[in-house]
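Once you scroll down, you'll see the structures, which are given as structure tokens.
After this come two complexes, each holding subunit A, first together with subunit B and then together with subunit C.
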Partner chain A sequence: MSLDQAEPAAPPAAGPSPRKPGRRDGGATGLLGRSRRSGRWWTPWLFLAPALILFLYFKFIPMANALTMSFQEVQPYLGNKWVGTDNYATVLQSHGFREAAWHTVVLAAGQTAGSMALGLALALLMEGQSRRLKIVRSAAFLPVVVPLAVVAELWRIMYHPTGDGMLNSLLGMVGVGPSGFINDPDTSMASIMLTGIWRGAPYDMMIILAGLTSVDRGLYEAAKVDGASRWQRVWHVAVPGLRSVFSILFILAAIRGLRVFTEVFLLTNGGPDGSTEVVMTLIYKLGLEQNRLGVGAAGAVLLFVATLILTVVVQLLRRRESK
Partner chain B sequence: MQRSRWIGAGVLASTLVLTSCSSGPAGVDAKQDPKAPLELWTRTTPGGPGEQGALKLATAFEKKTGYKVKVTAIFDDFETKLQQRAAQKNLPDIVMNDVTQLGAMHSQGLLREIDLDKIKNSGQIIGQGLDSGKAVDGKQYGLPYSAQASALLIRKDWRQKLKLDTPRNWDDFAAMAKAFTTRDPDGDGKNNTAGLAAPLSTKRGYASWYFSNFLWAAGGDFITETGKGSGTYKPASTTKASVEAMQWFRDLGCKAKAIQPGAVTMDTPPTNETFEAGRTGMFVVGPYLLPRFDETLGKDKYEVVPMPKGPKDATVLAEGGSVYLMAGSANQAGQDAFAGFAVSAEGQKTGMEGETGYTVQLPVNKTVDITQVRPDPRWKTYAQAYQDSGRYAPSIPNWTPVRQATADTVNALMADCGLDTGAKLRELDKQLAEILKEQGIAAS
Partner chain C sequence: MSEHTETALGLTESRSVGGRILRNVVHLLVLIVFAGPLLALLVSAFGHVKDPTQLSVIPSGVTLDNFRIAFDQGVLTYLLNSFFVVGGGLLLQVAVSVLAGYALARKVFPGMTLVLVAVLATLMLPEEILALPLSLILSDLPVVHFNLIGTLAGMIVPLGAWGFSILVMTEFMKDVPRELEEAARIDGAGDLRIFAQIILPMCKPALGVIGVFGFTMIWDQYLLPLLVSTDSSSYTLPLALRTLRIDPSVTPGVVMAASLLALLPSVIVFLFFQRSFVSGLSSGALKG
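Take a look at the complex of A and B:
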């Protein structure tokens, strides 16, 4: 959030791709056909205008600017200099970019898989109509509502690296540790992943819960009659019924994972020893700490392209599967 | 349907083209209006005593000259917010920020050159301070309004309990750090203290900032000028002195375990807290934290002493704040007047007033005697350290990448005790060479 506000280069990374279909939906064929008959072709555009203007100014223009900037050496008061693909070369050759890209992929994959697995487990545990379940569900949903800055501070305290730290005292009880958590290059990535899963799982849980209501109860009963065990019912009835939910969750979580910034920035700022450096923190450092906005923008464009490719590939796979 | 689509696309495309066309250079010469209010940004916590200090300074300036000033205090992501305003081509008129930000802002053309003839009292600025405001081309782009240097804070009660003397050299320093870590100086029977507080996160390059105190005292360097005044530099992190300094500092963390746990992910606020909370016993830091520690810890609990002598000398990091006159201002006369007031004896004394809201740490005006404004002898210690041993980061086009690269290396070496110091520093030298080349100041 903070970066979105702070950096003009960030919007491309915000990956507006999931919204694109929504934008196009507006031009519904039936409506247009009718309006052409009555000669008022601009009516639908009039209705779309507020949204389009907002998107234009807060998404598309900044995106276009970032794209331009990625080919320039940005010096607002001296005049930007056109440098061709130099910025891209700098980013791609930059010390640690490939490493940061790899860390991003690892973190995105780990958090996506972890959140979905935990989310599914929580959803299965909390499925039902009981009033008490609603309270438990609200409680479980809390991590999503808590601001990320607070979450990071909370986990920083829990991760205190000495024996009297909160998690370390728990580890001490079972005779392990103390672990350095975010302060040790070997465990820092896993620690950030854990924080991400803790925060992401309830969100996934809510969507899976909504998906579970659409699974036909009759199928469960039929399976039960056929002698399926509880686990078999989950695996063969619930999970296939949730396929479309999973693919949406996967896209959302993967995009969220690729854009991961705040928790890394607040917990480790890419350290120790660059072990948690992700693309967004690197872009932030290049663009805003070192004032090389052109190079930062090039990194952001690359991240946007990666996100776009991922989204398109998943959509294509889905389409092929549904055929 | 096709027609309407084309129209929509056309509108979108032309707006995009128009918007990108408008991003040409705005030029430095804005239409002048001597009555235009001045917008001043200062890097300090909003609502805190620093903001009060800046407001006091602005009010005194307004009263004296009649110019109007609007003060905005920003602490977090100051540089980011400045970048946003630069992108909008609407910079504040005056920025009060760290000296080391000069290169980064200058290279982007955000600063207006300062004509010292137009600045009242500029002749009274101490030479070392004035030099810190010069860019690599020798022109003046910043005027210091406050200086500071590092000194050593020690938990006095701990030192007395363990019957130790204040450290005079690095051996004493390391011994004290070790004693504070292992000999239970707070007497609570628990192994919960560390000798030295150190912000070793890579954020804003803190690790490099902190380590420079030790590196320079050992005679080492990050980069070194190839000849005095040559303007070209070469990497220096693998010189014997640099390697030894790194090894010594590393041993403090890795072998003696005398640096606070978690230091490698801590920036300044949590590090300050470790000293306040009685978790660490020594802290190398500037004078700006004295009011805070006096309040939270108590004046009698800690003492301020000069940094002990290293293998070479007692060089410490000198830093401070500069007044930057930003490009595109509609009121250049007002900018000049403010800079002149900030460095004048009156401005400096106003900035030093009060018990907490100092804008000025150590005065940069030769005619101001710190002992008269602040009788507290601890300030004299700082003033002495600045005068005798203070050293600023060198003026290169952009110091920030150097600080970032060195911070990354220091952070890595302190976080992973298994790394090979020599190899890691050789890697750093390579990176520094690239940075110097990119900035056009590498020795051929």
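Take a look at the complex of A and C:
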């Protein structure tokens, strides 16, 4: 029994005109056919209901709660107290938060730039159709599908700070003393960044490779005939063709960078000496370890606004450029 | 290597000795840098237990000791938890996405734009930022007052609706020819029937894409299980790695053995569905 057969003619008041753009209203079935084609007004909502309910519960209500919590002193069992913008003031004036925000920006920028530069280099070096290239590219792509928790544990062991740690023994081969990596405040941030680039560059490589397929092959040929060197072909033919790919990769990577949590949580948990504390690890500590939910929520809202602004700015720049 | 497609650097078609050497060096370097650490993981997972810090790509004999110890530490429970979460989550996610995709692709109704904007908005709402309020909501769902904290359901249900797979399904379902649907309607089929017998069977490639992406996304979850689980009996495998590592009696080899179990499913899925994975990845990214 179908949903729209039960009632031959849909009540006219129930929804707007059943006529839909792009559809021929065949005469043969008349009134009955029209109602069949449109179905009842609530049919689409029935199909959408599971998605909308889940979104409401796990996206929109939490977002609204985050907003209200950020203006409140959250006291479980005692009732929340409205404190206006106090939480925001606390966050913005706190030295720890400003440090964490700075670390987040540095990490996001470094990882984004590193992954995109390395990804471009890899894509240019490994562009082609041969079987071997495909195998090498698949192998290079593996880090992207490895769960982050595994990436973090693997690199933790590779970063072992004594001379017999894996990376340190490599450094030893070229005569550089053992590095503390994630255990040394001077190198901890760079180490996390390196891990992020290792996981991010192959992803960027694949996207850039896909973008390169849309560059007209004839243009390379023409540039070659005109005497353009390899680098001129890259710079004047390939890179301009990749502009939209770059801007999308930039947004995706930058947002990923701003909300970074798992790697940092597992590699250093903000240490040593807070040298790698990022906004999300700080929010996690504020909210779930110190129970300062209001302050944590204010931090989260600020982080959200930052990602939103970033997305909008990049989109605007892109639109202006394409004009 | 017979194809002569021109590339920007022209590396692939270079036939000189120097070009060939450069090409081999590049490929070797790429393999060392990106696959090397994973090879080291594999080797140390099967390596002997005695070496506490060293991770090496040179095998020191093959043994299953690390796995045995890992299983003594309860890795099987964590693995089963992970499978349960990914199985349930994927089923729910695919069901929700195809239903929503059908409405958005095949129906025109007031409020549709609003729904589309809402779905897009969820993609811009990073889960990390929602972590705190989400953990409160999970402990007491509004209206129905369920407590999902400490349950595997709490790690599954929030992943049920994912904007990405809804949009993929919508795009794909739009391409099913109208004529098929019209014909079925004239034959008296209703929406449920058209959805299940006409539209859905034609969307198998898209089901592959959202299946692969959904699997990878759920398998990689960390923060949500961290918020939901209260004790180790509900840990997923990625979560358990940290507990294993903190345990002083556990050697890195054991952590690597457990890590291997945690990464194997996603690597297998990737290798099997490489084509739809990579094409879905690039079409998703390039369309924005």
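By our rule, the second predicted complex is superposed on the first by the 267 of 323 C-alpha atoms of A that agree within 3 Å, B and C clash if a C-alpha of one lies under 4 Å from a C-alpha of the other, contacts with A are read in each partner's own complex, and residues count from 1 in each chain.
The working rule: a residue touches a chain if its C-beta (ideal position, glycine included) is under 8 Å from a C-beta of that chain, and two chains touch if they have at least 3 such contacts.
Bear in mind that the values here come from a model prediction, so they are computed numbers and not experimental data.
With both structures placed on the common chain, the touch criterion links A:Gly274 to subunit B but leaves subunit C unconnected.
Here subunit B and subunit C are compared by how many residues of subunit A each touches, and C touches more. Once the two complexes are overlaid on the shared chain, A:Met126 sits against subunit C while remaining clear of subunit B.
Shared-chain residue A:Glu289: touches subunit B; no touch with subunit C. Contacts of A:Pro44 after superposition on the shared chain: both subunit B and subunit C are touched. When both complexes are overlaid on chain A, the residue A:Asn65 reaches subunit B and subunit C alike. Shared-chain residue A:Ile255: touches subunit C; no touch with subunit B.
Of the two partner chains placed by superposition, only subunit B is touched by A:Leu78; subunit C is not.
Once chain A of one complex is fitted onto chain A of the other, the partner contacts of A:Ala149 are limited to subunit C, with no touch recorded for subunit B.
By the touch criterion defined above, A:His160 lies against subunit B and subunit C together after alignment on the C-alpha atoms of chain A.
Comparing the two complexes, residues 2, 29, 33, 36, 41, 44-45, 52, 60-61, 65, 156, 160, 162, 164, 287-288, 293 of subunit A contact subunit B in one case and subunit C in the other. For subunit A in complex with subunit C, the residues that touch the partner chain are 1-5, 15-16, 20-23, 26, 29, 33, 36-37, 39, 41, 43-48, 50-52, 54-55, 57-63, 65-66, 69, 122, 124-133, 136, 138-143, 145-150, 153-158, 160, 162, 164-166, 169, 198, 202-203, 206-207, 209-212, 215, 217-218, 220-221, 224, 230, 233-234, 237-238, 244-245, 248-249, 252, 255, 259, 261-262, 265-266, 280, 283-284, 287-288, 293, 296-297, 300-301, 303-304, 307-308, 311. Subunit C makes touch with subunit A in their complex at residues 1, 3, 5-13, 26-27, 30-31, 33-35, 37-38, 40-41, 44, 53-56, 95-97, 99-100, 102-104, 107-110, 112, 115, 118-119, 122, 124-126, 128-137, 141-142, 157-158, 160-161, 166, 178, 182, 185-186, 188-193, 195, 216, 219-220, 222-223, 227, 238-239, 241-242, 245, 252, 255-256, 259, 262-263, 266-267, 269-271, 274, 278, 281-282, 285-286, 288. Contact residues of subunit A toward subunit B in the complex are 2, 6-8, 27, 29, 32-33, 36, 41-42, 44-45, 52, 56, 60-61, 64-65, 68, 74-80, 95, 156, 160-162, 164, 182-185, 267-275, 285, 287-291, 293. Residues 1, 3-5, 7-8, 12, 15-16, 19-20, 23-28, 77, 79-81, 83-84, 86-87, 89, 91, 104-105, 107-110, 190, 192, 201-205, 261-265, 267, 270, 327-328, 398, 400-401, 404, 408, 411-412, 414-416, 419, 431 of subunit B are the ones touching subunit A in the complex.
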